[in-house]
Amino acid sequence: MSKSILDSKQSREIQELAEISNHTKRATVLEMEDILYKPFPVLDHGFIRVIDYMGDDAAVVQAARVSYGKGTKKVNEDRGLINYLMRHRHSTPFEMCEVKLHIKLPMFVARQWVRHRTANINEYSARYSILDREFYIPAPQHLASQSNTNHQGREGVIEGDYANKILQILKDDASNAYDHYEYLLNESGEDSRPGLARELARMNLPVNFYTQWYWKIDLHNFMHFLSLRADPHAQYEIKAYADILLEEVLKRWMPITYEAFKNYKVDGVHLSSKAMEVIKKMTKGEKVEMEQSGLGKREWQELIDLLQ
Amino acid sequence: MSKSILDSKQSREIQELAEISNHTKRATVLEMEDILYKPFPVLDHGFIRVIDYMGDDAAVVQAARVSYGKGTKKVNEDRGLINYLMRHRHSTPFEMCEVKLHIKLPMFVARQWVRHRTANINEYSARYSILDREFYIPAPQHLASQSNTNHQGREGVIEGDYANKILQILKDDASNAYDHYEYLLNESGEDSRPGLARELARMNLPVNFYTQWYWKIDLHNFMHFLSLRADPHAQYEIKAYADILLEEVLKRWMPITYEAFKNYKVDGVHLSSKAMEVIKKMTKGEKVEMEQSGLGKREWQELIDLLQ
Amino acid sequence: MSKSILDSKQSREIQELAEISNHTKRATVLEMEDILYKPFPVLDHGFIRVIDYMGDDAAVVQAARVSYGKGTKKVNEDRGLINYLMRHRHSTPFEMCEVKLHIKLPMFVARQWVRHRTANINEYSARYSILDREFYIPAPQHLASQSNTNHQGREGVIEGDYANKILQILKDDASNAYDHYEYLLNESGEDSRPGLARELARMNLPVNFYTQWYWKIDLHNFMHFLSLRADPHAQYEIKAYADILLEEVLKRWMPITYEAFKNYKVDGVHLSSKAMEVIKKMTKGEKVEMEQSGLGKREWQELIDLLQ
Amino acid sequence: MSKSILDSKQSREIQELAEISNHTKRATVLEMEDILYKPFPVLDHGFIRVIDYMGDDAAVVQAARVSYGKGTKKVNEDRGLINYLMRHRHSTPFEMCEVKLHIKLPMFVARQWVRHRTANINEYSARYSILDREFYIPAPQHLASQSNTNHQGREGVIEGDYANKILQILKDDASNAYDHYEYLLNESGEDSRPGLARELARMNLPVNFYTQWYWKIDLHNFMHFLSLRADPHAQYEIKAYADILLEEVLKRWMPITYEAFKNYKVDGVHLSSKAMEVIKKMTKGEKVEMEQSGLGKREWQELIDLLQ
């Protein structure tokens, strides 16, 4: 764990929790117990910690069956049912599981994140408390230039002196903003001048500063979040979080559901009626050109890429 | 546990779950472990079973603080903060806890219940499966007559021969409906006639038949449900469920939150600006009559009742 | 309009509303104005009435652009953007439109309907009011037998004497239940016996009785509802409502969005990663058998059907 | 309208919309038509514009009654019913009305605002587009110092040279951040260096920069938002918006509902069971001291303040 993520008091508190051993009759996932409370680092100062979870793969089956006991007893039947539920968009059994996370993330990432409204959030309050001197500076390989073709996209990496200059600007402005934030708060009572109200002083901080929150969400909405934010079109900085949630959290928590989710959603594709017509012809050996396909240029290109 | 609630296979399945003992680092509530999976009987054939839970009183504090460890360590501080959150309607920390229940209930109760949309539900499907011969017949002391003054209320209990006649009608009609349901389904393949589709046959069953579902909800919305359905204005049959959820489930799960909830919400009162004006005068020793109060007749009466 | 749907007082009230002519600066859709307040009949006693709507195709564009004026001015650009939003699951601009409907439907349909929680509902209260003698009896061509292969499906139509017998049972039981409902309520005060509380008496009515409600939903969730309930796997009785909402309401209200919705969602298909691998091979002229496809029997069959 | 809020193109677009006159049969509110599309200025560069609305006071009644026509015909009956619904927390009829707004607001206000999840939002995208050089600087009378007693509160106003210095810091930092934002974007293609991706460049902007969005919400949740954000405990900057929504929008849109909302919610009070016990004694002429009241110090003080 890099030094920058936790101070010693925080590490000790986490350590204490990680040493707890309670007895429970509840569904328990050993792989999740292993990672409970421990931070996965993300970006330069961020992290993801699993705080609690409810349910396992069997709980999805149990809810789908409205059963008195565990649902089915055989892993194979569970897998079959979970695949079926995923393929036919029966989402309610997946809503019966829940995960709670502690996440530290830059404010501009947090602003994208909260658009997913079907989750519970408690955010660290900058009205009430004081933010730390922690801000996000992209690693050199992520300092991307603006795409010329896609308004919302990145192109190549910026390198050399120009890259250094950009990074220096970002660092200097964030540092300067934080220096002034501290001046405005005047926590030390210097010169016996009153501090500016915390809820006002924070307005000087740029959105690359880190915030943190508790985030709790059910499995169905968790997967919906991941399907959008672990997608290649998502901004790199939020995708960095989604990738860890997918590959480190979901995979441990729900191995069967994870597999079905990858196959049907993450790596699955959605085709329009018109695109499907094109494919039907192609599988019958007909040659199809864009002009007769009824597809727009962009959708046509997306289809051709899919079939490579 | 009355015989009518569980058959022997169900009892065995529940028994198996109740004997599980896993180790966990998660927040665990001993009082909840004691009742896990076991049915609390409600009405004549219904029940409530706790299937899973997430969080405890300390988890509310932990989320409110966005803390690395447990939140505060002292019960007194926890109580103070929880009272404060409840009084000032800071609902998000309460959303950080979750409970999952298996509930068996008459369909007319289920129809009121689902109006609370902020919960997850998996209901037993009568399209797919066959309902049991189980229907609700009120106990004699709950066979209430229609109120003459309140369209939506009950008055005295109906007794004697007339009561018996009513109960007989309800029983006969339900029995007869179920006999026909079985005839329509023709599961035994009698006379080699095809059974009517399950999704159609069920239409013959009255709404006092029992259904069942898994119901999962966060603590904040759970309390909102209870504040409306454990209220004296709620219909007796849904209140019977809400009372058990309040006094048997919430009280065990979250003793501090339960106390605050009772004080501020269940037994607390909401007063209009005009009613508050009346009270101000009264506490100063002024005499106030309805005519000058600005209150309507009904609100005035509610206020007088409150002050008895 | 069939006699059974509205009485003369209701017709008059609707007529009065339909004669209103207000001036407004709001987005207005002529095709929707034409059908406002008027009932579309569904099943034997049900209906759908549009009561109000907010927004049009241009409002989707306007919201996506967060524009000061109308969004784009050209229909072509609007269509291109709406197609793009639909294809890439940008759902929030579609949430910016809203429709409000008055719907009369059998209770077993209502019970499926409310599973869609992201809508606002006001239902006619049988605690407070008295239900009419109106129940659903399937038309002969919809009296389907249970499928032997699909637990949740229908097979052929039941005909002849047996069909008549089934219909007679359904009618008699519903009639008998309503006679007893009236006896229990004793609204006429016959024999000066007290009526049973309305909230209790209703428990005797089967779920084919009609209820009614106001239902309000945003365009995104409306389409999600339609994609599940106008689907061939939905139960016929709810699909009858969804088909009218799709072809009579959505098509008039949002012609461009309707088209995109049909192409990408209603008639679009979702393929798993494994199914896509099969298609890739097929379009390259390779022959693929189920055994090497990695698909289960059911998914394989669904894929073959798609490619016919 | 102050110059800083709209440019001439925006004014022209709004003007065009405001000149529309459509015929409609929908419920229409003249007072709302008057203000449609026009900006109410808030803070130094923000605004609120009503874009669309659905329903009026009568529509609340109509939904509560599930009526074929308008609900009641008499204003008095409407008022009585609306008061009753408000007093007894029957929220669903209020959900049947909807309002859509275009709002421009500082990012730190936007971050508080989105915690209300039961609304639809389309925000101007800084991944896709470029933000304007517009940032919030408090008016001198709102430059408040931090409270010493309440972590989350303000105390007196900061004045004189020190105030000027603070304002200068805020202005300089925002200006400097925007200069660098423009440098990083390099929209003019200066020195033929590639621009930094928009989604990255924006990270340099402080949270007092303005963003804007379309926000759509139903009447019930709108009032819930107002009850929290027009409250004296809300931060001044978000209260400035809530006050206009309450006094300029809600009051025009829903005069009867507005009145009931003020009486029962905004100016109403919630008392705990223990506080109510104190009041009972006081209205009977008993003297009560804090020590025997069972109330904590803070709640006792709140109660005494209420009774002044």
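Chains: A, B, C and D, in written order; residue numbering restarts at 1 for each.
Please note the rule applied: a contact is a pair of C-beta atoms (placed from the backbone, for glycine too) under 8 Å apart; a residue touches a chain by one contact, two chains touch by 3 or more.
Remember, predicted model here, so these are calculated numbers, not experimental data.
*Asks:* Tell me the angle, as a multiple of 5 degrees, of the rotation that maps subunit B onto subunit C over the C-alpha atoms.
*Replies:* 180
*Asks:* Contact counts by the stated rule: is the higher one at C-D or A-C?
*Replies:* Higher C-beta contact count between the two pairs: C-D.
*Asks:* Note whether the interface between subunit A and subunit B is symmetric in residue numbering, meaning over half of all numbers used appear on both sides, and answer same or different.
*Replies:* Mostly the same residues form this interface, as more than half of the numbers used are common to both chains.
*Asks:* If you average the CA atoms of subunit B and of subunit C, how many Å lie between those two points?
*Replies:* Chain centres of subunit B and subunit C, defined by C-alpha means, are spaced 29 Å apart.
*Asks:* So how far apart, in whole Å, are subunit A and subunit C when each is placed at the average of its C-alpha atoms?
*Replies:* 34
*Asks:* Can you tell me which residues of subunit A touch two or more of the remaining chains?
*Replies:* 92, 115, 121
*Asks:* Taking the touch rule as given, give the residues of subunit B at its contact with subunit C in the complex, in rising order.
*Replies:* Going through subunit B, the ones touching subunit C are 106-108, 110-111, 114-115, 117-118, 121, 125, 127-129, 136, 138, 143-147, 151-156, 158, 162, 166, 169-170, 173-174, 176-177, 180, 183-185, 193-200, 202-208, 235.
*Asks:* Spell out the part of subunit A that touches subunit B in their complex, as residue ranges.
*Replies:* 6, 9-10, 13-14, 16-28, 33, 36-37, 51-55, 59, 62-64, 66-70, 92-93, 95-96, 98, 100, 102, 120-124, 212-214, 216, 218
*Asks:* If we count contacts the way the header does, which residues on subunit D are in touch with subunit B in the complex?
*Replies:* Result: residues 80, 83-84, 87-89, 92, 115, 228, 233, 262-264, 266-276, 279-280, 282-283, 285, 296, 298-299, 306-308 of subunit D touch subunit B.
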